[in-house]
Each structure stands twice: as C-alpha cells, then as structure tokens.
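Paired with chain B in one complex and with chain C in the other, chain A is shared by the two complexes that follow.
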Partner chain A sequence: MRMHVSHDTVYRYETPPSSVIQTLRLTPRNHSGQYVVSWLISISADCRLDAQDDAFGNLIHTFTAEGPIDELIVHVEGEVETEDNAGVVAGAIERFPPALFLRDTPLTQTDAAIVEFSERYRSSGANTLVMLHEMLGGLNREIVFDTNPTHTATTAAEAFALKRGVCQDLTHVFISAARHLGVPARYISGYFHRSDGVNDQEAGHAWAEAFVPSLGWVGFDATNGICTTDAHLRVAAGLDYLSAAPVRGARSGGAGENLSVRIQIDQAMQQSQE
Partner chain B sequence: MLSRTADNLYWLARYVERAEYLARILEATQRLASVPIPIAGGTNEWESAVATAGCENAFFEVYEEANEETVTEFLAFSPDNPSSIRSCFEVARTNARAVRTALTVEMWDAINGTWLELKRYGNGPTSREEFSRFLRWVQESSLLFDGSAYRTMLRSDSYWFTRLGVFLERADNTARILDVKYHLLLPEAEHVGGPLDYFQWAAILRSVSALTSYHWVYRESVKPWLVADLLILKEEMPRSLANCYENIVTNLDKMAGSYGRQGPAQRLARGVRTRLQNSRMDEIFQRGLHEFIQEFIADNNRIGGIITQQYLA
Partner chain C sequence: MPAFDEMTGTEGSVRPAYTELSGWLGEVPPDVLDYRRREAEVLFRRIGITFAVYGEADSTERLIPFDVIPRILAGSEWRLLKRGLEQRVKAINLYIKDVYGRRDILRAGIVPEDLVFQNPVFRPEMNGQKVPHDVYVHIAGVDIVRVDADTFYVLEDNARTPSGVSYMLENREIMLRLFPELFSRHRIAPVDNYPDELLATLRSVAPDSSTSEPNVVLLTPGVYNSAYYEHSFLADKLGIELVEGRDLFIKDEIVYMRTTQGPKRVDVIYRRLDDDFIDPLAFRPDSALGVPGLMSSYQAGNVTLANAVGTGIADDKAVYSYMPEIVKFFLGEEPILKNVPTWRCREEEHLAYVLDNLEQLVVKEVHGSGGYGMLIGPSADKATISEFRAKLKAAPKNFIAQPTLALSTCPTCVESGIAPRHVDLRPFVLSGRDEVRIVPGGLTRVAMKQGSLVVNSSQGGGTKDTWVLDD
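On to the complex of A and B.
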C-alpha cells in the first residue's frame, strides 16, 4: 500500500512563551516491509532542525524556537510504501539484544491484575506465537477503546483497572503482560490507515512488538486485535510511550497552551502489484 | 515503449559507464605501478587490475603474464575482449544507432563522435603519455554522454532506463573494486599494514574520484575502514553503493509511478537500499566485509536480471 501521511501538531498559547524546545520522533525508517518514498518535517518557527539517532536507532529531530511564539505548527508530510508481512518486522535497525526489552518502566509495570491476566495464557507458553495471539485477543476483549478516562501519563496498571483506554494504554498493558511472561516486548509509535474510509484522525497510532524466537520481532496491534499489516506505518520504537513518543518538549514562559493534532492518512495512488 | 528500445537504452548507458570504469582502474593501476618497487613490495598491480575488471579467466586464456603491455592491450584495445574499452564504445554506438530516434541530438553526437575518434587511436598508443591522454579522453567522453543525457533528455521512461543502466553498472564497478581490495580495508587489529597500504588506499579513493571528498567528510588521514565506510554506506558520495541504490530505487519508483504498476524489481531494490541504510560499518566488519560485498554483487546481478525480465525481455 502506498500511504500518504499529513500530520499537523498545532500549539496555541494565550501567553506566548519565550522559547520552545522539542524532540521529534516523527520520521519513519525503512525495513523489509516499509519503504519511505519521501518525507519532510517543517516547523512554522525559524529554527535549526538537527537530526540524529537515538539509542534505539530511531531518527530524531530536535529544535529550539526563540519566541515570543503565539502559535507553533509542526507539519510532517510524506509517502511510504508498505507491504503486508504478517506482522514480522525484519531488517529494521537493532541496536540492542532483544532481552533489553524485558526491562520494566514506570508506565509498563505490572500489578496483581495484569499478572493474573497474563498467567491465564502461560499454559500455551510452549508456542510463544500462539500464546501472544491468544493474549492479544483476550486483551482486545478485556479493554474497551475509550478516549476519555486516560491521558498520556496513565500507567498500564491504571488503564487495566479502568478496563478502558486508547491505543497507548492497550499497548502498555500488552507489553507489561508479555514481559511478565518472559517475552521481550517494545512500544511502537506510528500511523494506521483505516480501511473504513475515515482518513482524518486526531491521534497517531501505537502498537507493540514482541520477540518471537523463530520469527524475530512481530507487531501486535492490541487496539485492533490484529498483527500489523500494510496499513501500519512504523515510525519509532522504545521501551514505552515516553521513549517512543512522537513529540516531547518543554517551553520557557508562556501559559494557556492549547494543543490540537490533525492527521490525515490516505492511500496515495492505486498501483497494481505484479 | 518497446522492450527492445528500453533494452538498447539501458545497455547503451551501461557500456559507456563500463568504459569509464575501465579507464579509471587503468589510470589507478598506472599510478600504483609507478611506485618504486621497494615500497610497493611484490604485488602485481596489473594482475589485480584484470581481477577488478572481472575478466581474469578470459585474460589468461590469451596471455601468460599480466604486465603493463598485455593488460593495457586487453582492457583498452582488444577487439577480442567483449569488455575492453574499445568493445564497450563499439557496442554502445551500435545500441545508440538502433534507437537513434529515442536519443537527443546531443547524445547521439557524443556517442558517435566518441566512436569516430576511437579509430584515431588505432591499436593503441605509442607512449605512456599518450595512453594517459587516452584514458582521460575515455572519461571525458563518458562525461559528455552522461551530461548530454542529463541536460537534454525528456524525463520519461527512456531517461529512467538509461539511469538504471548507469547506476547498476556503477554499483557493480564500485563493489568490484572493493571486492578485489577488501583485504586492505579491514580494521586495524586484523590487518598487517605496510608503506604500500597508504598508496593502495589512496588509489582506491582516486579510482572513484573520492580522495578530496574523503578529506571533506572525515577530516583526517586516510584510514582503511573509513574508506570502506565512504564507498559503501555514504549516500552523499557519488559512486558509493548507497548512492547508486538511492538512484536505482528513485528511478524504478518513477517508472512504477508512470506505468501505474510495480513488481519484484522495485521491491528487491528497496530491500537492498534498506539494508545499506540500516547497516553500520562495524557490524559489516563483524559479519565479514568480503561476504557483505559478495552478497551485494550477487544482489545487484539479480536485480539486473529481474529488470531484464520485468521490462526488457
């Protein structure tokens, strides 16, 4: 699928800050199932955009914009060609051995409820892939998608107690449960092309990747209850939301920040495959 | 567009590029062979030139020894060697004539003029100086042809096929230089250095016009592993493997866009580019530079075959 992405993050301030500093993880990289045809980031303020790799091999950009700034727009646009590899992610940049992704973080710490939930699936542990698939289905039934009760700092345990959450929460719970079962798992942020024709979205997507010994890293989208397909565009990987977040930043001065996100994802053009 | 036309354009560009490459390695060899023997040690530079050109077998069927005279004759002027500079220009001109209407006037003039002038050199130059001038002329002819294509050709499938020819051939050529000289590029610990090595590294860089770029990129003296890094992974370096694949993928993509369909050639080329982008030199050394290059040459050949299947046959 050739996906066209246009993503605006707009900040408006009632009292303009004197400067804003941000780290962007908004640039996808190629792997065997995805090829970036074109990609650009443009910032509405005059600033230098420095590119570098982070520890996980994600391409990050940092900038400092000097104010006063009453509006800041981070615009990302590009085209990516994706292939359906049944969720298997091969040929991506791997800086660490998979076992690193067994490490717990505050956002993905288990509690008694998650332990109890994940233990239900340990019995099928002989085959990691089957176990993860059953858990994916279970999780998808257990938690209802709801944008209201949770926020970016909600932990896996809190979301699991609420039985409600967004893609970020479902992903955290999945990662937390998988790690409890001894399967390395990591957080992926990216984009998702919806097949129901809704192209305008208010947020990016997130899913998990788990390490299956015979296959390597495999993408599990707990929100949709499926393995990743050619509708998933993989952007950044990390231990949890915080280390893979699309935008992180700070501002000095200013008040009354109003954030809005517009994402448009559509199929760029139809091409028949030979 | 007829497959046959596309095929002619593709090979026209490949042969011109190959002629330039042969001139480049002959020039580098000439330079290395003129290093005093006590420094140069016992290596036979002329033999490695034949190996770099990829025609060792054919060469030793005809000649017993690789020296300046035989190698010069075989790689530059021999009508019996289908990959000599002379043969390359002749085949290129034949291809060009078959698709005369698909070329611009400037391109035709460039290739036809080259072919006419080639006759002036007869069976070879009479002196080293003249041979150096000849090698310069070969490179300038390729430059003229490539520049004419770049400046005058309509950006359509005809143009993209010539670009594919250029970059597949170039990728193969750079990989061959690396393949023959890879043992000189291994990291320090595994490598026994000698005074010859500096000349060798500089010669590798010179053979792809990268010596100045090297100093711009790394700002330090010539180190073998950095030479490998520059020629394999640096996308901003023309003639590096990564740069060739950036161009191959871009041109295949444009073709796919205009034809409205894509196939294995696009997918495979993207795969090779992705691998180059996601690799780091220390990992390549760990897994074996030689194996990496061998694999690359095989992939490059496979993509050439698939392009032929998909578009040219």
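On to the complex of A and C.
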C-alpha cells in the first residue's frame, strides 16, 4: 500500500510560553516491507530542527522555539510504501539484542492480574507464535477500546484493572504479559490506515512487537486483534510509550495549553510513469 | 575475637602510626578533650553543615556527629590503597564503556546479560553514546573497610553522585583549628587541594568544542536535597556557579545558563542530580528538577555530564560481586583491593546457603543504599530474620549477602570516655582525561553506637578526620 500521511499537532496557549522545546519521534525509517518515499517535518515557529538517532535507532528531532508563542504547529507529511509481511519485521535497525526487551519499565510493570492473565496462555513447549496469537485474541476480548478513562501516564496494570483503554494501554498490557512469559516485547508508535474508509483520525496508533525465535520481531496490534499488515506504518520503537513517544516536550512559562491533533491517512494515488 | 583496632591492632601494642597520638591521648586531661569536642560541635553548627534524613518527619536537618580523635593511615598503607583505587576506577570506566558499547563482557559470559539489561540502573539511552574522553565516572567515592593489618575490602563503589567530601574538608579545617599541637607532632598529607583537583578534573573532560576556559557549573536538585549544603560548599570552593535545572536551558543542542548578562554557554555540568531527574524529555517526564532537552545536547557531544548518565550499572550491589572478574577482564591484572566475599542470591546454591545461615550474614537489597533495607543477622531479632527469609524467597534476585565483617575499630570519644568504635573509609577518586587524582585520605565514618557496624550518617554514624602520614 502506498500510504499518505498528513499529521498536524497544534498547541494553543492562553498565556504564551517564552519558549518550547520538543523531541519528536515522527520520522519512519525503512525496513523490508516499508519504504519511505517522502517525509517532511515542519514547525510553525522559527527554529532549527536537529536530527539524532536515539538509543533504539529511531530518528529523533529536537527543536527549541522561542516566543512568545501563542500557537505552535508541528506538521508532518509524507508517503510510504508498505507491504504485508504477516507481521514479520525484518531489516529494521536493531541496537540491542532481543533480551533487552524483557526489561521492566514503570508503565509496563506486571501486577497479579496481568500475571494471572498471561499465565492462561503459557502452554508447556508450545510455540511462541501460537501462544502470542491466543493472548492477542484474549486481550482484545478482555479490554474494551475506550478513549475516556486513561491518559498517557496510565500504566499497564491500571488499564488492565479498568478493562478499558486506548491502543497505548492495550499495547502496554500486551508487552507486560509477553515479558512475563519470557518473550521480549517492545512498543511501536506509528500510523494505521483504516479499511473502513475513515481517514481522519485524532491520534496516532500503537502496537507491540514480540520476538519469536524462528521469525524475529513480529508486530501484534492488540487494538485490532491482528498481526501488523501493510496498513501499519512503523515509526518508532521503544520499551514503552515514553521511549517511543511521538512527542515529548516542555515549555517555559505560559499556561492554558490546548492540544489538538489532526491526522489524515489515505491511500496515495499511484503515480503514472511519465 | 575482638576486631582489629587501628591504634592497637589485635595484640594491644600501639601501632607505629599512632605512637604520637596515643601518647597525646594519655597526656590530655579528659575535660580538655571534652571541651574541644563541644567546641567542634559549636563550629559545625556555625558553619551550618547539616544533612537531612529521609523518612524522619521531626528533624529535617541535623548535625552529623564529629569525633575529634583522628583516624591515621601510615604512608605505606595509603600507597597500597591508592594503587588499588586507581586500578579499580580504571576498570570501572572501561567496564561502563563496554556495557554501553561493544558489550564484550556480556558476550564473554562474565557478567550475566540479564543483570545488565534488566537492571533499572542500566540506561538504554546511553547505548552507543560516546562520552568526552571516555571518562564515565569522574568522581567515585569508594567505601573501604579493614578487617586486619593487611586486609582492606571494597564494600561499595559509589559511582553515581557520591557525597561526603565536604566533611572530609571541614573535618580537617576544624581539627587544624582545635588541635594545632597535634598537627605539629605529625607530618600529615594535606587535603585542602581537593577543590583544585576536582576543578582540574572537570575542566580536563570538557568537550572538544568548548573554549580553553570551559564553563563548569554544579547542578543541584535544590535546597531540599539532603546534600544541598555540600553542593553549595563545593560550588563556592571551586568558584563555579551553583545552578538548579531552571537556571539552564537548551537551544540548538547547546546548554546555556541564564545570567544577568544574557545566556552563557555551559560546557561541563558537575551534576548532583540523579539520572531519573535530569531531563524530563528523556527520563521521568514529571521531573521539574532537570533541564528539558539536556540529553539531546549530551548526545550531540556538546556538554559533559559528571558523572556520566548510567554509571549505576557499575556500583549496583548485584554487579559489585563481579568486580574482581571485571578488573581481570579489562586490565588483565589481579585486583589489588579485594571484594567482600558475596553470595548472589540470584544463584540457587548461594540462596540456599544464605537461607541456612541468615543469623550470621549481612543481607543487602541490591538497589538499596544508605544502610536502608539491610539485615544484620547477628544483631537481628527472630521476627526480622523471618521477614527477610520471606523477602529472599519471594525475590532472591533483589538481594546479596555477605559475612558479618569484624570492621576495624578506632578510638572514639563517647559518653564513657574513649572507646573503640567501628570505622570505614571513603576516599574520593577523581578521573580526568589526563590522570587519576586522589587526595590522600578521605572521609572516615564511624558507627557511634557500641558494636554497631552501620556507619551511614542516615543511621546515626559520625565522621572523623583522616590522616595519611607523610612518612
């Protein structure tokens, strides 16, 4: 699929801050099955975008905008060619052995309930892929998609207790449970093209990747209960939401921040050869 | 068997380094000693050296007891310690570079991979990150204990933000003021050059992009931190700015300090703020103490953080037990300073042994510090022991155990007169791009309670001036 993404993050301030600094993980990289055709980030303020690789191999950009700033728009636009590889992610930048992704983080820590849930899927000698698929289905039934009760700092355990949450929460629970079963798992932030024709979205997407010995990293989208397909555009990987977050920022001064996100994802028109 | 005494050994005869002091202690009338002791307390109060104890609501700040009887090391003893410390810290720097780089030590199977990767003090953010001049631990405070005339053990390698050096400096100043006659009877190596040595170390590791006069600042969490006194003391002695997170900002990957003359570039940050709090964009997002974006500047190589981020992977109590192997692996040498024999409860046989011998052992939480979360078997009651037994069984990985050491004692002024009390020693090891600098001596901590082995100031421990004889 050739996916076209247009993503605006708009901040408006009642009292303008004197400066804003942000770290963006908003640029996808190539791997087999994903080819970035074009990609551009533009910031409405006058500033320099500094690019770096983070520890996980994500491309990050940092900028400091000096104010007073009443409105700040981070605009991302690009086209990416994706293929359906049945979830298998090969050729991505790997800076760590899979074992790192067994690491606990505050957002993905298990509790008794998640342990109990994940243990249902631990079958002796069974193949990891089957186990993860069953757990993915179980989780999808267990947690209802609901944007209301959770926020970006909600932990896996809290979301699991609520039985409600958004893609971030489902992904954290999946990661937490997989790690408990000894399967390295990581957080992916990215975009998802919906097949139901709804192209306008209010948030990016998130899913998990788990390490399956015979296959390598495999994408599991707990929100949709499927492995990743060509509808998934992989942007950043990390241990949890925080280390793969599309935007992390801070401002000095200012108050009354109002954030709105507009994402449009559609299938790009195939360009004819000239 | 009584513990080895720094003054009288095990035989009871005065050791050569203490000849003068012992004679003096015999001459000085008890009321004079007591008077000087109270004078010292007044001086400390006036200077305002206090520290805060976490978890004590009634007294947020209190005075660390100071003992006027110095602890003395012969020149030969110090030279051995110094060589051992240099070796150890060199190995620690190579190890940290490796853990965040090639990971040879993990591949060689010497340090278990999960102990590193799953350790909260391992910082994935540092992976592949170059630090200026390959120095990670610029300031180490290595805790050393002694059990007999020839055996010194390293108890802990403090490689994050070790504190206590202000006491080393203040103790000496006060002793010089109160006991000039004692100093005239000894040749004691000075310690007052520590601030110069520290500043030289910090300047030596400035990034290549900085000017020949690098701007060094000291970053403190602020007045509520237990070591704030030390932060302001050191900034003053070094002649550098004492800053809080809000005094710094990042623009285009450069760190600036806000000044009345406008922004001033910062090259080296001696930070006394934990990793977790230094940058809300990279670590804890709720930290208001750090500098947003600091890691981006660090990663770009535009600023030096001393100590580097992620050095906890060297001083973690679980990693500690591998230090002799780490020294051998990176330097190809036998460690000069020994480790305390340590049982790793993560290993089944070790755990079994520990559970069978809890009454004789000291059990420590691997991520604990300051003497918290510790079991001292021989002095614990049955309830505490069974509580630890349960904790050990539930999460063996979180614990190590060591034999209860007979820490050396040193004569100390107590209510009943002069009596032996257990001591340790924390020398401060400075590693720069050019050399390793160690001011002779360090901070001697003393357990003021009879028989107590816990010297931590948070547990009622006191301090002593430490003399290294220039013999």
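Keep this in mind: the second predicted complex is superposed on the first by the 267 of 274 C-alpha atoms of A that agree within 3 Å, B and C clash if a C-alpha of one lies under 4 Å from a C-alpha of the other, contacts with A are read in each partner's own complex, and residues count from 1 in each chain.
Definition applied: contacts are C-beta pairs under 8 Å (C-beta built on N, C-alpha and C of every residue); 3 or more make two chains touch, one makes a residue touch a chain.
Values in this document were obtained by computation on a predicted structure and should not be read as measured data.
*Asks:* For A:I93, select first, second, both or neither according to whether it touches chain B, chain C, the two together, or no partner.
*Replies:* The answer is first: A:I93 touches chain B but not chain C.
*Asks:* After superposition on the shared chain, which partner residues are touched by A:G249: those of chain B (first), chain C (second), both, or neither?
*Replies:* second
*Asks:* State whether chain B or chain C is in contact with more residues of chain A in the superposed arrangement.
*Replies:* The larger set of chain A residues in touch belongs to C.
*Asks:* May I ask you to decide whether A:V261 touches chain B, chain C, both, or neither, giving the answer as first, second, both or neither?
*Replies:* Once the two structures are laid over each other on A, A:V261 reaches no partner at all.
*Asks:* Please indicate which partner A:A45 is in contact with in the superposed arrangement: first for chain B, second for chain C, both, or neither.
*Replies:* Neither chain B nor chain C is touched by A:A45.
*Asks:* Of the partners chain B and chain C, which touch A:T62 in the superposed model: first, second, both, neither?
*Replies:* second
*Asks:* Looking at A:S32 after the superposition, I want to know if it touches chain B, chain C, both of them or none. Which is it: first, second, both, neither?
*Replies:* first
*Asks:* Now for A:L239: first (chain B), second (chain C), both, or neither, which partner does it touch?
*Replies:* In the superposed model, A:L239 contacts chain C only, not chain B.
*Asks:* Could you please specify the touching residues of chain C with respect to chain A in the complex?
*Replies:* Checking each residue of chain C against chain A gives 113-114, 117-118, 120, 122, 124-129, 249-253, 280-282, 285, 292-293, 296, 299-300.
*Asks:* So in the complex, which bits of chain A are touching chain C?
*Replies:* 19, 21-23, 48, 50, 52, 54-56, 60, 62, 64, 66, 95-97, 99-100, 102-104, 153, 239, 242-243, 248-250, 252
*Asks:* Give every residue of chain A touching chain B within the complex, in rising order.
*Replies:* 29-32, 35, 37, 57, 81, 83, 91-93, 269-274
*Asks:* So in the complex, the part of chain B that touches chain A is made up of which residues?
*Replies:* 249, 253, 256-257, 260-264, 267, 270-271, 273-275, 277-278, 310
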